[in-house]
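Sharing a structure, written as structure tokens. Questions coming.
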Amino acid sequence: RAEAERDLGQFYPFLAGLPGADIKISVYDAEHAAAECELAFLAVPAGTALRMAPDLLGRGVKVIDFSADFRLEDPDVYQQWYGEPHTAREALASAVYGLPELNAAAIRNANLVANPGCYPTASILGLAAALKHDLVDPDTIIIDAASGASGAGRKPVIPNLYCEISDNFRAYGAPRHRHTPEIEQELGKLAGSPLTLTFTPHILPMKRGILATIYARLRDPQMPVSQIRDIFAAFWAGEKWLRLLPEGALPETAHVRGSMYCDIAVLKDDRTGRLIILCAIDNLCRGAAGQALANANLMSGLAVDCGMENLCPLP
Amino acid sequence: RAEAERDLGQFYPFLAGLPGADIKISVYDAEHAAAECELAFLAVPAGTALRMAPDLLGRGVKVIDFSADFRLEDPDVYQQWYGEPHTAREALASAVYGLPELNAAAIRNANLVANPGCYPTASILGLAAALKHDLVDPDTIIIDAASGASGAGRKPVIPNLYCEISDNFRAYGAPRHRHTPEIEQELGKLAGSPLTLTFTPHILPMKRGILATIYARLRDPQMPVSQIRDIFAAFWAGEKWLRLLPEGALPETAHVRGSMYCDIAVLKDDRTGRLIILCAIDNLCRGAAGQALANANLMSGLAVDCGMENLCPLP
Amino acid sequence: RAEAERDLGQFYPFLAGLPGADIKISVYDAEHAAAECELAFLAVPAGTALRMAPDLLGRGVKVIDFSADFRLEDPDVYQQWYGEPHTAREALASAVYGLPELNAAAIRNANLVANPGCYPTASILGLAAALKHDLVDPDTIIIDAASGASGAGRKPVIPNLYCEISDNFRAYGAPRHRHTPEIEQELGKLAGSPLTLTFTPHILPMKRGILATIYARLRDPQMPVSQIRDIFAAFWAGEKWLRLLPEGALPETAHVRGSMYCDIAVLKDDRTGRLIILCAIDNLCRGAAGQALANANLMSGLAVDCGMENLCPLP
Amino acid sequence: RAEAERDLGQFYPFLAGLPGADIKISVYDAEHAAAECELAFLAVPAGTALRMAPDLLGRGVKVIDFSADFRLEDPDVYQQWYGEPHTAREALASAVYGLPELNAAAIRNANLVANPGCYPTASILGLAAALKHDLVDPDTIIIDAASGASGAGRKPVIPNLYCEISDNFRAYGAPRHRHTPEIEQELGKLAGSPLTLTFTPHILPMKRGILATIYARLRDPQMPVSQIRDIFAAFWAGEKWLRLLPEGALPETAHVRGSMYCDIAVLKDDRTGRLIILCAIDNLCRGAAGQALANANLMSGLAVDCGMENLCPLP
């Protein structure tokens, strides 16, 4: 609201001169939105989408929501982690979890898509092949992840200041970060039964990028790592945004910066029988805006990468 | 050698004007060193200390070695991880592992001290109380750690360049980083029997600081976290460099920057029965030079913090 | 040579999966290059292009050279600043200075284009309008500029290490940086007579981006800043990569990161009668690779922005 | 006020365990302050010290003020740059500008000291010798300076966020930053008559440190740089915090980080007859807290470096 009537190119000067920079920021009005839009992206605080999404859906507008409001299928789990009752259960029942590689068919038919969190995107993509093929014991999963500072949003509070984040590294939200149930829900589906895991996020002294370092015990400690890599390769065959790195290479957040790529490495710790999966994404593009665009493409009958065919990392 | 005859203050201009800045860098000569020094610090590449330390010891000079050459008690383990046979077994048999809080008595009587690695310092201090009191299952230990770029030294190679490290985060050395056996050896002593663990280091886009995030299953998943914290507090009572953080606070590398402090937080993941220990140190001071000075103090009959009484973090 | 036979996508893993990632790096061979290429980009050390360019031109291959070898029209000035005689004077006589906005017509007809340095690009674009319109006294020009670390290239030497550049700011090369004569030459042409100026570069703790802060006395200290801005606006009318910022806005390197944009602000210091011009570019794209591509487009009869129509800054 | 009753060590956890960490933060009360303190440091917003300082002085408490309220001797200049009339003219008349090297005698006798701004500290120390010895034309002075983000304070506003400052470089406040009249006032005293200059500050993607790059025309363009350096060396002889760098060396902010040092290099641009002075300080220590402590030492009859004898840069 504070920016209403300004151009997008004034709000974000780096956009000046580009197509769309002259779009005017306006105060949200449901009726007006419904008249103008076939599809709306909601980037609003937790709880607000509970009110806005059903209204838009009722007016025939498809919705992609960036918040957690429609990510957790069980409204009781929502209340447990977010402290408020879920007040849009009908919409919730129709929502699809928007991970394009895993749910493309459902997303194509959805009117409401819950855009995944950034940490869940990296965690789920990292573990999907291993759980689908029952390679690891779900009770032993630990996800240790770190994110660039943009993951915390643009709120002007002390912990987001330059002097607090620069030249510093720390965990936060442990041991009960709100992305935990979202990760458990989607991984549970892949595993075929509910699971509980440990997830610890950290904040990095850099702007963009997430690296998840994931640990789990192999069902078969003797399985050679080459066989595991083959299973991963087959699982992700044909997915252009998934890059299973060659043996010996490890993901770097700089290599996916500003792109839809998800870089994955599979290691085996022979001494302990653990699988170590490393997974890097850009938290803003793959973990938020770009992923929302991919979902919008699917919901609109377009190719998933429409408009992003040449999206290249910029380290 | 390349810097011989220069003053320390010329080599490191920030030292100019300070006491000691006029010390001349000279080419090493054992006889000369023995005539001038009671104690020598060896900061030489792996393998070199195998030759230098016995020579100095034979001349009556006490030695603190920064390399891994005298950290592993079993010469076979050394050969297994470093690829070369250990050629100074007599010296090795007399070496003491230089973690002041755990080995002060032995260090005081030692002529040869192996200065611990930076990751092992954080890992061992983090886990010591839990293993000594048998709080966790040693088979489930995972150490996920991240270090500032100074941990890699000052070698001019591509991976150490600004443009490779800045705005980037990645793991390295996994799953067999050379600090692993050193951590296992010291933790095994605390646990009372050998153990095997998973250790994954990462490189941070910042200069200094290590944060270790450590996971292990509690023997008793019902043990309240307050009781665990009490055990840690009792274990470290009287150690001024160990700061067990108040409940709710998490360590930040910036808070220990340039100091001997080791900041520790103890969390319990009630949902999975895991203990999560977070441990921050400065890799250069606590993890290297400062720790060496503390060891030198002990070996010289001084208070462990002599000359470092007012060493304060500089975030 | 060290990377010969590797794919581009192996050398730069962030390119894997993108068009061109399978291009093989090969050892340079003039005959082979002439058979395969209509145009060659030379990114070789100073002095090497003196040998390579004439050879390629003789074989009918157009050349864009990234070094300073063909930027200085006067071979004596070259020898004075680079310490070696210029050994390709014939080629030099035919070379065009590749600043697309200023020299498009000549670039279109050129067989040899000297791709401008990054600092000169920012400095010349910043001052062009003021000198062409005789707004300032050329004897009073001071260019104070700062560059991201990528400006120094990828050579593994101590000053390029992360720990030397991070959390640090310093000048270098002053008071005789080699980009000085190149800036003076091109600005002298715009001013209509030779000029001498002061140029001081600094190195920033960040990867990419140049900001030039330029000072000069106004010929007419009473000229209102609005009039000066109008002159700049008219001078750059129709140039899509030049963004004259709205009054009150100042350039930020993040706003041009990864793009061809050159953001310019014009200020007047009423108290001293000085004009202050601020000019931001991305040193790698606008200051090197992107600019070379723009030149190649012109030399090939294509639109200057062919393939870069949607190149957008990525802060 | 928001932090009242908390310990200093809780507010700044890095201080925990150090002497003074148990000091309680309390709400300011003049009567209580006067009963407890001989000297007060005021670190309050501009305008607030106008009220507080006279009150404390009237109660016999010496005052060191960090704001600009008592830095400008002429109340009309204050009103012109700060937009409000100066309401503490009597106190102002007694205030001393707290640059220890230049005003030690006056500071020793002062009850009210205006602690200099960080940019003015670097600018004045850089130019003092040149102006005192009439080496340069005051009308040609340009100060181009850059500061770490801590210079902007700890206010939670958008421009201070990590994602706005990281990986970015920009000027701000130009062409009328409020530190300008303070620099002009003190330099005018050294020059012997009023002067007007151009000052442009920039914000760096790092926490601490200021580098000022200062330009001015030499009165005698033929004067050899060695003679200029000798004049600087004589001017600063005996000042332990002033380090005139050896020929060929340039100041780096990392070399003064966390210290009272002011590193100065003197260059001559032979081609233009300009003097270039580079001057680096730590904006928080030399430019604020440490300098205030030095002033407090002088006002209390102690050695200027009392308690800071061993303060060493920590890069």
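Labels for the chains are A, B, C and D, by order of writing; each one numbers its residues from 1.
Here is the rule we use: contacts are C-beta pairs under 8 Å (C-beta built on N, C-alpha and C of every residue); 3 or more make two chains touch, one makes a residue touch a chain.
These numbers were taken from a predicted model, which means no experiment stands behind them.
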item	value
Chain whose mean Cα position lies farthest from subunit C	B
Rounded Å distance between subunit A and subunit C, as computed from the means of their C-alpha atoms	39
Intercentroid distance (Cα basis), subunit D paired with subunit C, Å	37
Interchain centroid distance [CA atoms averaged], subunit B/subunit C, Å	46
Junction residues of subunit B - those touching two or more other chains	166-167, 205-207, 252, 254, 257, 315
Category of the chain touch graph - line, ring, star, complete, other	complete
Interfacial residue positions of subunit B with respect to subunit D in the complex	10, 13-19, 167, 207, 240, 243, 245-246, 249, 252, 254-258, 261, 263, 310, 312-315
Subunit D to subunit C touching residues, read off their complex	139-140, 142, 144, 146, 166-172, 174-176, 196-198, 200, 202, 204-209, 211, 213, 215, 250-254, 257, 267-272, 274, 276, 278, 280, 315
Parts of subunit D lying in touch with subunit A, wherever the complex brings them together	149-150, 154, 156-158, 160-167, 205-207
